[in-house]
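Each remark here refers to the structure printed beneath this line.
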Amino acid sequence: MGQTGKAKKILGSLALIFIVCGLYFGLVQAPPDAYQGEVQRIMYLHIPSILTAYLSFFIVFIGSCLFLWKREKRDDILAHSGAEIGVLFTGLTIIEGSIWGKPTWGVWWTWDARLTLTGILFLIFIGYLMLRSLIEDENRGAVCAAVLGIIGFLDIPLIHMSVYWWRTLHQPPSILRPDKLPWENVHPSMLIALAVNFIAFLLLYFYLLSLRIHLGELQEKVKNVRLYGPA
Amino acid sequence: MDILRQTTWLLWKDLLLEIRRRESLLAMFFFGVLILFIFHFAFEIPKEKAAEMAPGLLWLAFIFTGTLGLAQLFQAERENHCLEALLLSPVDRGALYLAKVLFNTLLMLLVELVVFPLFWMLFNLEAWNLLPSLFLVALLGTVGFCAIGALFSAVTLKARSRELLLPLLIFPLMIPVILATIRSMEILFRTGGFEEAYDWLRLLIGFDVIFLTAGFLIFEWVIEA
Amino acid sequence: MFRKGTGLHVAVQGLSKAYGFFWGLRDITLEFKPSDCIALLGPNGAGKTTLLKLLSALLSPTQGEITLDGARFDAGSSRLRSLIGYLSPHEHIYDGLTPRENLLLFAALYGRKENPLENEQRLKAVGLEGWSDQYAAALSSGMKCRLAIAKWLLLKPEMMLLDEPYGVLDGSGVEFLENYIRGLCSSGGIAVIATHHVQRVLRLCSRAIVLEQGRVVFDEVKREPWESFHRAYAKFTPRE
């Protein structure tokens, strides 16, 4: 345990507190949306979860770059952990999107640019994890995964651009266009609810990340004990 | 230039082996034709809709045949552990990458040269004059496809069930190429010119440049690991 | 930096290689000097092939390093690679190319000047002159091994690593290979021969290293009679 264990506990408790607060602000404090009614409240989870999903792509990229540069095991653990939690949050985003989409648009899935993009990110993350599990040699697996992490990250702007042009040029723009969120007309308590939930998700994200990194370090330790004998 | 000389030798080796054994090209070619038939059974494409569906169907055929080629890309190096022989040599690792990209691009272009006119004949398309411009778009897309494909063919080289893993990894990454080529071809069919497709073509060229460069730089780590 | 004619000094410092939870090699420290002809011995799984692959940078070590004349040698150092030759039991020959084309390709990849006459001489020297236009697939494994030897004759490495070279060669092939190794070592090169043919290799080598479970258990320069070697090696050979 020790210092880091305590820090983790504090991080976890903070995340829990903010989640509870976020639920209160989102479900009780904020007024229902003028057009969508109560359903719109799912936004308070949806936007934070997609932002954390993007964040984890960035973390995978950073971990991958550092690993290829310095070949330190801990950078590989960072990338791997980021990807696993990234899958979780991307998957969550898609599920929330569907739940939101059904009452609002009448469909579970629509080929909206950002929905499509999220789906593609999800597939890349899944590929990353599959690649890791299918390469026997540990070092080779780490290097190859890092390469996918970097190439995938470089590809995101291009995927984003192509998917966005594809939708805007060939279909009427959908509700979820980023420039269409009317920030000026939003009720202040809605903004507060969003902000609190965003902080809650960030805390939760880093809490899960620290747990997963700890797990990776323990696995490494087990390997070292078996290689070098108990220290 | 050492790298160019080495790339040429490696490409010479791959082409020579392919000419002698025809392991990839024939299979890719017949697979491409087979897909056209299956498309027809699946969609019963009427004459008036053929032009509309052509870009998507053609690109699906190219991508599947291309993936077939990628799965075989390092076959020659598997025999007698020749990959080790290449790694022992002082050859530039970037040259290994470029040779493989060029090789798969050449194979795919040869298949495309046949599949394009065949598609026109099978589905009674009349816009024969568009073929050169369409082929140019296909060339840009094929380079991008192989730039990513050759890199990940090496990534999956020592993975279990690598033939299954390879398409899973590269198809999501390939989405800009797929969208850009299909939309540009569609615009070509609709307007007969490149003007409206400039954005897409720029995206396609950008993709090619970015991932050829990245692949060239990264390949060393993949192949040595 | 290595200069032609001075001979190559190879230093192996604290070299270890882990495979998953197991050590393939553990903390090996060795030094090879010019003209060393080394027999690398040990039971199956002792780490002979691992050591050869590390020395040729086909594998990267878990710990430790290898230096060639003071320059660190690892996967990234392409330039130093032409100093090392590796005769693998897997032949390293393209089956779809003819022996002549194989030599042509590798000479080009090693940056050697194109010299068809020299290629012919090498093929003749290893007894493949009648086969130079057949596909290598048609060659027997012994002949492929001869072709691989011709390749290294052409590429002239400073240190030659041989992994069980006696397995497939016939009498004249072995004789030719041993002459090549003697020539290499007498002109300042290094040869490391991993093999189970102990009697043969003892006649050839000037030094023996015995590995057991990834560690060096014996490393001495040859002398006659060599009691200590026979004691060390008796453990692995059934009494006759």
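A, B and C are the chain letters, set down in written order, and residue numbers restart from 1 in every chain.
Note that contacts are C-beta pairs under 8 Å (C-beta built on N, C-alpha and C of every residue); 3 or more make two chains touch, one makes a residue touch a chain.
Quantities reported herein were computed from a predicted structural model and do not represent experimental measurements.
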A-C against A-B, pair bridged by the larger set of C-beta contacts: A-B
Most centrally placed chain - per-chain CA mean versus overall CA mean: B
Inter-centroid spacing, subunit C versus subunit B (mean Cα positions, whole Å): 39
Geometric centre distance via CA averages, subunit C-subunit A, whole Å: 51
Centre-of-Cα separation between subunit B and subunit A, whole angstrom: 32
Per-residue multi-chain contacts in subunit C, two or more chains: 60
For subunit A, residues that touch 2 or more chains besides their own: 139
Touching residues on subunit A, where the partner in the complex is subunit C: 138-139, 223, 226-227
For the subunit C and subunit A complex, residues of the former touching the latter: 18, 20-23, 60
Residues of subunit A defined as touching subunit B within the complex: 68, 120, 123-124, 126-127, 130-131, 134-137, 139-140, 143-144, 146-148, 150-152, 154-155, 158-159, 161-163, 165-166, 169
Of all residues in subunit B, those that touch subunit C in their complex: 2, 5-6, 9-10, 12-13, 16-17, 20-21, 76, 79-82, 84-93, 220, 224
For the subunit C and subunit B complex, residues of the former touching the latter: 56, 58, 60, 75-76, 78-82, 84-86, 88, 90-97, 101, 105-106, 108-111, 135, 144
